[in-house]
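Listed below are the structures to be examined.
Both complexes below contain chain A, partnered by chain B and then by chain C.
And now, the complex of A and B:
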């Protein structure tokens, strides 16, 4: 009875007013009100560095759409730590100088919590030093080896897309065992091409194969006919990784050179991202193989997660925009934005992230991650994150052009993509 | 003189007032303005239109950066190496390019610059080509002063900017500077008056090249990155735009032009992806209505004495 009486205490008008007054007084203390606001409902501001103009614009357009879709999915499910996510996009012009300026703008003007985005390696390399100095977590979606090579800093991470070194070396077993042992490489004569040359040569030799010729093409080249006679006659496989607008000419001239009798051909899809495979001149690619970070065409064994992700971003079964079948996506790369945002969400929730003072805790939480199973957050496939090198590792896909579609021919294991650590960022101070 | 000292004093004062974002921007603008002032010495005062100034910027940037990357030389000496490389490089380029005039000079400088860009790509194992490389934060110190700190960076940029501003001011007021202007206005007449045109032009190229190199080395040191995008053609066109906007043949013009372009891009890119279109329209309007640039217009209308 006594207990019941105690519970039955009714709030009187006097003590309600006293309580309200106390709460009101507390929120007028300096700095207190914004703190309450930040903890409860203020959005988490994510600075999104995007290639809206410059050579990366096609990638940027799709990185943008994927990021918007991922943020919507996260917000619809309650946001991060109960707070909505706000994406603040800034064009980096695919230019390292502007990239660094944009990072500064996120930190000092927009007061963003973290920075995220961008593909081209030179923009990341130009921007990362500023992110480190500003102590701004910088999550990149670049597939460059710059993060895992140890060139950058503790604030720069790549948890949503694998790097070129692991992609390239994982191709070697398939190429050597299925297409042929004697490989001729054709690559652009700059850093990206040289990475392919070096990593693939080593990996294919480890498989008992051999690179019989390395044909470097100067970046200013517009016609390729003079390079094809340099391909040795005993070549089993041509490995090509041409980038830029000249790729259509490259394929057409290669087709004219070989006619109906060609060696096996294996290439990286990078050059044909956002390009319709039915484009005139690309018929010669029929029967050839491609690396894809994520298969552009919905496959027979499509996971429910890919189905969900594809619909959320607005991509059809052929990898083009639902609203315009000619607007082909950069499907092999853009999943990285989706997955990175989900890693950020997981990291912020694991570390109880509240604001910029928790940035180091966020980095430590991401560094502590290891297995990332295939899920809605990781629709491209399961992954393993290496906290020491700040780099994620995952499955790679090899597809074959059949009837103008890319059909899955092989999926590599995650182990195929691993290599020894080259850095331990966790030993660097914050 | 007092106007220029006032500008330096204003920039000094702004360090204490500006919010973080604009403070960082201004440090960047000052370094880029040095690059523009370098361009102005050749184009604005001597009348030599170069389309390849990025090569001078990169001579300093890579001279500094590679000596740190390959030989682990500390920041101070590396900056001096960058400067020395710029002096030698601009002397060489001057000796070769000045054998041509007018349109041929423009094309020769453009080609040399493109050759430098391709050389950087070609020696990828050393330069990391198009990707470039990072100068580690720990190495960016001169005499114990951490140049990656925003305050120190601002003052380092201000010191370099002030030295170059006053040097250009001194040059254009000295007899040598008058000869440069005479060459711009009428080369034949200057020659007839007995001046050594070749030597003066070469001097202008070396001074301009060295200042551009100083800007390049400073940019690498202050912002921690060295890359081939600084050798590309658009980066050669930028100082031309800065100078055209700000006022060719004025000492302050390049700074005004750089500041204007920086914020024009920053503000317009917040509104539209077509920020280059906005820049283009502004340039066309300026060319029609203020052919001598912003400071040139001010000189014409109000401040006749402006150097």
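And now, the complex of A and C:
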């Protein structure tokens, strides 16, 4: 009964008037004034989806530092369209479900202009559909082929880091011609690893090589010796790429398995990102090769832009934090955050971005981009952006372990990494 | 790899897993047997053992062997003290009620995990093993000249892995001696059999409970310290041992130490062998299936006695 009575209450003329008066008084308070004309001076709010916890935490820590450094550089130079950039970071837990919730939170709670961020492909694949529904531009730094494959939508772009398909395609000639034709692949058992499996197998076969075994390992695995006996005896080259908190264990156990009679080894540095190469148990890697998106150790031909970028993020010549030499960075990937933020800046300036109603204009402005020369905005190297596939293409680096350092052995051309378009996002409506 | 060397390698890996699992499951089984408390936070005590081993070796920063030895003694003690505090502050206040303690230990699980995340951080950290020689294992084959020995590719283990197996055997024996041959064990078994009668005979049951909860956590922590030079310390590492321990304890019979050891070796070995020859997922499927069969056909477990 009490409930019904409560529902029956109708607003009286008097309390409606009181409410109106209170609301009117509130808007005339001094604090309100700046917001009314906020359009030109309020910060541009960039929602930053970051792996603070979960299996991607090491990457998240460095994506965070790089993003903070890039935002500071942009703000020190006057911001975007004269407005400061504000980074709103939210932890996605390296979890696809949480990732989608974070995108939602950016749109509805933080009122962010755009979303930006994360690395692990399953989180991106889980978040992108929600970003599309919310019509929220979503700039990812994830390497997966899911953007260029046409799997996602017009609101998802990857302008700051190359994708796995182009990386492995550029690696295959080097592996097949210098290391050996019979390759055993070891990769994590989720979207990112499957990209490696599918595109490297195809690319190495095109070089006259052969993948003799494909060993998939769950990214949450903690013990690896049990997988290594599946490596066939006739293997010339091990191709390894692993992610997750146990990567160091993976590489160490691989060394223990082979002892002194290892085959050639080619790895994606993902297997040792954020891990010190001088760690006990990694000595067997001497002489092996790695793909690096960006060389961790400052090279002899280091550009002034890499110097600037390294110093701004706080990374020393060995790729570790300036304040703690044991805190090794994810140098091969994190430049993507720096470059993506600079692309966002360029896109917002080209489109005259004012607020969320200009989101479509921003995407069109980024789609119109092509050449991105080596510069402070692109310290990893020159790039070519493909507006149709929303994917950037760039140089890849192959380094060799020499004296416990990674020394540059080969740099691919941008053309080595290109492949025919698989999608035209510009034909999709907003 | 040929079948013979492959099988040997699989069994070695399985044995290492089984030894650590035996310790973890013994802790869980002991707590359930004596206190009738299903400790869902058991995996977190395991994790804390590994994390404190890292903290101790990192703090000592000298020789790996000294750091490890100190961690082997101090880490289980620290975890035991924490467990006793949990028992005094939470479980005792719930009067060890079976349902409420399950909910309470779920709470402890999250508190421990999140506090570790906030302090230790989200990264995995390695602990250097005190010694670690790669031991190649010879294999034989019959050739025209008769029996010949050779060293197959990849057939190896490390001295540290053998040490883990040995240490787990010693610790397991120690627990058996404690339970079956000591006065303390008599008190524990008396409390397990009948709490009220034990109390009537002057056994300080609450102190026994606190001791057992601490001991159970310390055994799990000991297993973690042993395994951390092979794996790495990480704040989420407690969930797998918890699941496997429950599987082992259910199969072996809740509260039966003998059943726990047999089931841990069975699950650890089959996990190792099946993971090597097929996939780790299949190993987990089969272990879970075995639990289902045990629950249906022998609800008390292989060696358990019926709980009234």
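As a convention for this text, the second predicted complex is superposed on the first by the 358 of 430 C-alpha atoms of A that agree within 3 Å, B and C clash if a C-alpha of one lies under 4 Å from a C-alpha of the other, contacts with A are read in each partner's own complex, and residues count from 1 in each chain.
Just so it is clear, a residue touches a chain if its C-beta (ideal position, glycine included) is under 8 Å from a C-beta of that chain, and two chains touch if they have at least 3 such contacts.
The structure presented is a predicted model; accordingly, all values stated were derived computationally and were not measured.
When the two complexes are overlaid on their common chain A, residue A:258 makes contact with chain C while staying clear of chain B. In the superposed pair of complexes, A:221 makes contact with chain C only, with no contact to chain B. Applying the stated contact rule after C-alpha superposition, one finds that A:130 touches chain B and leaves chain C untouched. In the superposition on chain A, A:356 makes contact with neither chain B nor chain C.
Once chain A of one complex is fitted onto chain A of the other, the partner contacts of A:52 extend to both chain B and chain C. Of the two partner chains placed around the shared chain by superposition, neither chain B nor chain C is touched by A:43. Once the two complexes are overlaid on the shared chain, A:248 sits against chain C while remaining clear of chain B.
Of the two partner chains, neither chain B nor chain C is touched by A:84. Using the contact criterion defined above for the overlaid structures, shared-chain residue A:404 touches neither chain B nor chain C, since it reaches no partner. Once the two complexes are overlaid on chain A, the chain A residues touched by chain B in the first and by chain C in the second are 52-53, 218. On chain B, the positions that touch chain A within their shared complex are 19-21, 23-25, 28, 118, 121-122, 124-125, 128-135, 137, 148, 223-225, 227-230, 265-266, 269-270, 273, 275-276. Across the interface of their complex, chain C is touched by residues 52-54, 57-58, 60-61, 218, 221-223, 225-231, 233, 245-246, 248-249, 256-259, 261, 274, 279-281 of chain A.
Interface of chain A with chain B (complex): residues 52-53, 90-91, 93, 95-98, 100-101, 104-105, 107-109, 121-122, 125-126, 128-130, 132-133, 144, 146, 151-153, 189-192, 194, 218-220. By the touch rule above, chain C contacts chain A in their complex via residues 1, 5-6, 9-10, 13, 17, 117, 121-124, 126, 128, 132, 134, 136, 153-154, 156, 158, 230-232, 234, 236-237, 240, 272, 275-276, 280-281.
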